[in-house]
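Chain lettering (A, B, C and D) follows the sequence in which the chains are written, and residue indices restart at 1 in each chain.
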Amino acid sequence: MHKFDPSAKGVYLITVTPFTDSGALDLASTDRMVDFCLERGVTGLTILGIMGEATKLTAEEAKAFTRQVVRRVGGRVPVICGVSSPGFAAMGELTREVMGIGASGVMVAPPSTVRTDDQIAGYFDMVNETLGAVPWCLQDHPVSTTVQMSPAVILRILKSSPNCVMLKHEDWPGLAKLSAIRAASDRGEVKRVSILTGNGGGLFLPEELSRGADGAMTGFAWPEMMVDVVAAHARGDVERAHDLFDAYLPLARYEQQAGIGLAVRKHLLHQRGAIASAFARRPAPKLSPQDVADIERLVRRQEKRLSQLG
Amino acid sequence: MHKFDPSAKGVYLITVTPFTDSGALDLASTDRMVDFCLERGVTGLTILGIMGEATKLTAEEAKAFTRQVVRRVGGRVPVICGVSSPGFAAMGELTREVMGIGASGVMVAPPSTVRTDDQIAGYFDMVNETLGAVPWCLQDHPVSTTVQMSPAVILRILKSSPNCVMLKHEDWPGLAKLSAIRAASDRGEVKRVSILTGNGGGLFLPEELSRGADGAMTGFAWPEMMVDVVAAHARGDVERAHDLFDAYLPLARYEQQAGIGLAVRKHLLHQRGAIASAFARRPAPKLSPQDVADIERLVRRQEKRLSQLG
Amino acid sequence: MHKFDPSAKGVYLITVTPFTDSGALDLASTDRMVDFCLERGVTGLTILGIMGEATKLTAEEAKAFTRQVVRRVGGRVPVICGVSSPGFAAMGELTREVMGIGASGVMVAPPSTVRTDDQIAGYFDMVNETLGAVPWCLQDHPVSTTVQMSPAVILRILKSSPNCVMLKHEDWPGLAKLSAIRAASDRGEVKRVSILTGNGGGLFLPEELSRGADGAMTGFAWPEMMVDVVAAHARGDVERAHDLFDAYLPLARYEQQAGIGLAVRKHLLHQRGAIASAFARRPAPKLSPQDVADIERLVRRQEKRLSQLG
Amino acid sequence: MHKFDPSAKGVYLITVTPFTDSGALDLASTDRMVDFCLERGVTGLTILGIMGEATKLTAEEAKAFTRQVVRRVGGRVPVICGVSSPGFAAMGELTREVMGIGASGVMVAPPSTVRTDDQIAGYFDMVNETLGAVPWCLQDHPVSTTVQMSPAVILRILKSSPNCVMLKHEDWPGLAKLSAIRAASDRGEVKRVSILTGNGGGLFLPEELSRGADGAMTGFAWPEMMVDVVAAHARGDVERAHDLFDAYLPLARYEQQAGIGLAVRKHLLHQRGAIASAFARRPAPKLSPQDVADIERLVRRQEKRLSQLG
């Protein structure tokens, strides 16, 4: 089985959670979605995140969904679970449960209540105590957490966190931050962890790969875009990486809109056959006819560009 | 059994959650604390709030604690449970559980993600769908939620919420808001709900009673202060209400400090014999020797004032 | 002279403020920049905004810069000045000054201290009193102000603001909001004002034009992109509008990064000959060699796409 | 003339700005207010702060008011001016102006846009460059700035700021922070600066003096309370300091309410004869009849307690 460790690279896809049209958890679609992702070459799956509607699941549903994903993946790639919680008791409880089910590791973002460098570092000391030996990913996503972590505080966390194996880099703008963190491990000041990026919803992927990112961890209805961009970049064909990226950029930009983005993604995953229903639980954005028309145009134009690209 | 309805008045005490010195849930102290509160004349108990360290409990612990409180109270006063959650699935689940155990109602604050009047009102439409027939209290606490609810939006929520029976008024400053909401029900524009206050941690209690509050819902290591102030005010002895309040104000002010306040309260409740240990779960503030010296001085001075007051 | 009224359309460019390499206001470059913009077909100029480093100018410098821009424009297009201020005395003072110099109107965003619908509407009542008969543009930019204005509150402001002639629409995501406001004026519920967009830094321009926007108000080192996209859309060639937009999107995305964006823009405007120096006053982002390499690649690729597009 | 240096102690009163009933700057009342403060024993005056309605003054008015205060004070105590500004150009300009007029120093708070320790420290490096040799006071007021400065970052600023002579300590709760900063200078790790406190509007003054504060910098309609509390504490009569403080606490608590507080203060200063009108410029809170009744009761009760205290 794939381990979750600092050598992680490629594309860890942030998955949605499929529901039926009546809002029930859809385990059949869960299998279909896992297959859809693995067939397109993703190297990991991240579940129970914000875009996975984790907070809209009951505790039982979260466990059932995790179990289904882990079983379908069958050890082919690591499965990472978001366990950010308002308190450490719940974080510890959820971590034990998902690791017991067979997850490969967990992901933690800081709560909006920590602000100063000392508060942030102190928070992750308690995260380390809570998680024990479980490998984990540090999520740096100021847009949702409102917590701004400087490069200095990230390095401080990495130094004091033996089992932190990955940074999910989503600060925006974040290219300079990514460069600073990579430079520190290159200079041997801190261990090297995997850095997967989701900056602006992956909208800076080629530039981030040039700065030393190991791949992407974000969601997009065309996971193959990220897989192909990362592969082209890895084999040194940077222009091809940009060509591919640019071909998808107009739609990716539209899918990454805050608020409506989840509805766009589920609509497209449904169209592509990855899930049986685009249903999202409340509070859920809904697509207007104008949104659907926008999407249709963008998909049609994307297909044309891809066929030209070859 | 006392019902939880718009006629509620007096003091609904926000309780702490007692732990042993090693951090385990302390059910024996839970009984002791319930007795301590009831003996001092509180008319309701509110559990699983922020000061009750709700987020630091596992799901099982939250149920065990609720069960213990409900059993010990034995129907003498209503027991209200905080059920604010990042998602409606968890809110609904927790509500069903605590109502099944015998709670009298629940309390809900809006999440920090809602900002505009329409977003706030829309959120509580979903709360109403989630809670069904369960009577509930609307918590207006901008200091912790960052959500500012104007009098207009509170009235809008009351109009669309048949089972909202109480407003926990904690906005600061909030005297004008309290007056505006009371005036609206006096004019018959909206149903009359109970208004219990916690403005600044109860630091404006006498003034709030004069504005039409029905009592207090907050925590303080001397619940009898609030009970006596409310009683004096209710029998028209407003000066006596102020005399009592002023006698406790210097210590109340100290106990209501953000951050350190929980440690002060548990220290005092432990000293008064209400709980066996002052332990608070991490992240937990700790009292320094200087803090303890401050508290000792304030308690000694409070005793002197109370003896002078007679 | 072009008037600033609800019929405004096209591209109102948010200009930078040029400095010399030693940090002094560069009035010669100011002329050059005005010419650069007008030659590319912009229909208005907006100065003294955030990207214009307005807060880094002394009062005298702001006046000198405004005077230079107004003189060089010579009445060919309207000049709008940002006058958002912490207090109404300063807002009124600055408005009188820039209108006296010959500006066509002003732009106002709400301060971060207003939150509820009533607070926001009340704030703009005071703006109207302050501005008197001066035509003004309402700036809706939550990313910088943290103020979320619902469609309902924007309509309320438009109804009570006889001299508000334009909405600068920068909420993100904002397509649904734009549609709602346009629909309200189409139904005759509110007067029709000009809507110019800057959503995500103009990254949704073609979709916004389809929703009824009259053009764009944002900054970009290639103003001709926005001019050409708006023109193609206006003559019904929506696909051409998208083709043009997509050709510039990878670089536009890079230039719109928060923080570093100003440095990218000044670097490019300097390269294109519009200003003599890329200097920005502190606190100012600086481009790293890696940033410059990113930009060079993106410019080269953009040129290639534009030549293919014809 | 009194210098503004690290030996500062006593009470630096935050003054209001007096207006006439029609809203004009009232220079005659400015003299009266200065006399009122000096007669009550304050050791410094701080003008152009938030409670001084600084943002509601035009540039000319701010200068005229400063000139009047400086002239009336006549060098008897230092006059400090708030110069926090959105940009350094304005901060430098205002600083030069007020120092030219004869102010003794300035006060600076960080802008809400800085968050991490590095951002905060970097901001004050630019403040030092801007202020040059002018002695200045660091204002730590998270309630208004939203910036949380840890003890570590305050010490870092003190180390890199040769002309920072004072900390205005207003964090809440802040007793532990105050103790930590004092301990650092006691250990010789950082120079000793004056610490004047305004924590919760001065509501923790006696406790703060015990932690090593040199006095208070805040506003209150009875400056003699703070003067007497500081004096009693300085001569070792801590119980008397508490007795005095407690006698004023119920009214001080009421005057320190956010929002309405300025109206309460001006109402009381007007009643006490310090200013000719309680007028505040918009946006301004207004007292309701209920507010006035509250204030009358609190003043009457305060007078009774003071006469009992002797």
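Methods note: a contact is a pair of C-beta atoms (placed from the backbone, for glycine too) under 8 Å apart; a residue touches a chain by one contact, two chains touch by 3 or more.
Being a predicted model, the structure only gives us computed values, none of them experimental.
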Q.
Using the contact definition given at the top, which chains are in touch with both chain A and chain D?
A. B, C
Q: Sort out for me whether A-C or A-B is joined by the greater number of C-beta contact pairs.
A: A-C
Q. At the chain B/chain C interface, shared numbers over all numbers used: above half (same) or below half (different)?
A. same
Q: Find the chain most remote from chain D, comparing centres computed as mean CA coordinates.
A: A
(Q) Quick check: how many Å separate the C-alpha centres of chain A and chain C? (A) 33
Q. Just curious, how far off is chain C from chain B if you go by their C-alpha centres, in Å?
A. 48
Q. So, what's the distance in Å between the C-alpha centres of chain B and chain A?
A. 39
Q: Return the residues of chain C touching two or more other chains; collapse runs of consecutive numbers into ranges.
A: none
**Q.** chain B-facing residues of chain C, complex
**A.** 115-119, 148-150, 152-153
Q. Inside the complex, what are the residues of chain B that reach chain D?
A. 172-173, 175-176, 179, 200, 203-204, 207, 210-211, 242, 245-246, 249-250, 253-254, 257-261, 288, 290-291, 294, 297, 301
Q.
Can you tell me which positions in chain D touch chain C when the two form their complex?
A. 53-59, 61, 85-90, 92-93, 112, 122-123, 126, 281-283
